[in-house]
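Chain naming follows the written order as A, B, C and D, and within any one chain the residues start at number 1.
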């Protein structure tokens, strides 16, 4: 179990690397990490009882406005990897997710990243996060702050 | 130039293999062929002056109901490959595309496949192809029939 | 639990639909089904104690030579879907996997498909399946035969 | 034609948005931008007469170590988009690509990003860029510097 501070609430998602996610270098293709981060984001919302399909039907969308990933160690076919995901920042009409990707033992950091999202209506216009969502999503005050990551662009 | 008979109208689309399309075996991942076929399908519709976005806005959709592909020779990163695409069958509420994928010289057959599509409304119910579309899409009577492909499931 | 006959050994794999797997029609993109089938194939091999990475290091590869999928009901973002996978045919240098994709209740058939694989060496030449692998992979004689699927091309 | 300063040599690559690149929001899925950037990177190397397959066969690899993208305007199915790519920084064993993605008129900026790459040997160890490659890749001294992008993490 990794000891770094991390925003709460958080979620851990296990993911098995498929052959389709690898590339000719023999490792997971770099763009797939954003896709795997997205899977953990979905798990995060589900863990809070938020049904994103219902959110969209209600006219709210969270399109990605910025994404960043640093790749530290490659993962290969059939590896079981684990994503740690949480929300590091919650604005009035935006939110930022932070991710750490580990090997199965949760000790070797494979990658880390962030995605910033706007909160918009169906026409793509910025929209204030409704109170019920802010309450569910806001990072716990008592939790430790993110470890300093000087080069992280979205922190 | 390949001499086989093929339905007309038809389209040839060049495609450059990306790294993301390859897998750890060093070749294009098998599911990507269906994606590449889709690119040629789009090129086919554009070549006939059909704007598929407008078709969907008008309430018609062509979801894939069946897909088949036979893989003959692998393609690797940076290869220029060429897809030959056309419509081999046009029903009242369905259509079948046929594809042949070649190397850059258009002589070595890399793969061949078919996709069958329903014509539906926005609720997914089968809908008769409108006359203006049938006229544009229907395979030319004068063209040669497809070469016999005994194992092709959708022919 | 679905009652259809199916080759054994078999495996069931749960899969959560990601946003990246969907397309503008709002449902899982058709090529992604082959990718999801691949995930269940990996789970199948693991369930038999076969380490496919080790198989490849040993110089054996199972490239896909033919793939087929019929799409019955769409799946959308966040759906939990379940793949039932097994081997329906084992040749001297080839094998065929069969797949059925269900909704979470395992009652509604969403899609079905097959993939045929060659067994090759690192140069891509057909190679006889080694005895230890054939023993592990061969469909159980006592199991029921596949339900008749008249249009399935690879059965 | 866009007038911003940009490192030279540079390349412009046209790309047609496929259905498979879109997601249920109706636009290109955010992870696909990194894939599209990769396509322009390949075009860049080809335009300089560099055969990346040959580079890898010679034992040099350029794995992505960091990626960043800011999304400004969405792109939808069938859009023709254009990527402007170049190298903004060349280290002894690393290089950074910068990308700008435009609509077909090359005036509306859809997205911008960067990818940092290590230069490694087949075992993944950092390796000095060989002189012949540095000569081909190094940004022209006479070219204008990148426009200031205060939040760009890799600039």
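In this text, contacts are C-beta pairs under 8 Å (C-beta built on N, C-alpha and C of every residue); 3 or more make two chains touch, one makes a residue touch a chain.
It should be emphasised that the depicted structure is a prediction, and the values quoted were computed from it without experimental measurement.
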{"item": "Contact-richer chain pair (by C-beta pairs counted) among B-C and C-D", "value": "B-C"}
{"item": "Of all other chains, the one whose Cα centre sits farthest from chain A", "value": "B"}
{"item": "Centre-of-Cα separation between chain D and chain C, whole angstrom", "value": "36"}
{"item": "Whole-Å gap between the CA centroids of chain A and chain C", "value": "30"}
{"item": "Whole-Å separation of chain centres (CA-atom averages), chain B against chain C", "value": "24"}
{"item": "Residues of chain B touching at least two other chains", "value": "19-20, 25, 27, 31, 35, 38, 76-77"}
{"item": "Contacting residues of chain C [partner chain D, same complex]", "value": "19-20, 22-27, 29, 31, 76-77"}
{"item": "Chain C - residues contacting chain A, complex", "value": "16, 18-20, 35, 38-39, 42-43, 46, 51-53, 76-78"}
{"item": "Chain A - residues contacting chain D, complex", "value": "25, 27, 30-32, 34-35, 38, 61, 63-71, 74, 115, 124, 151-153"}
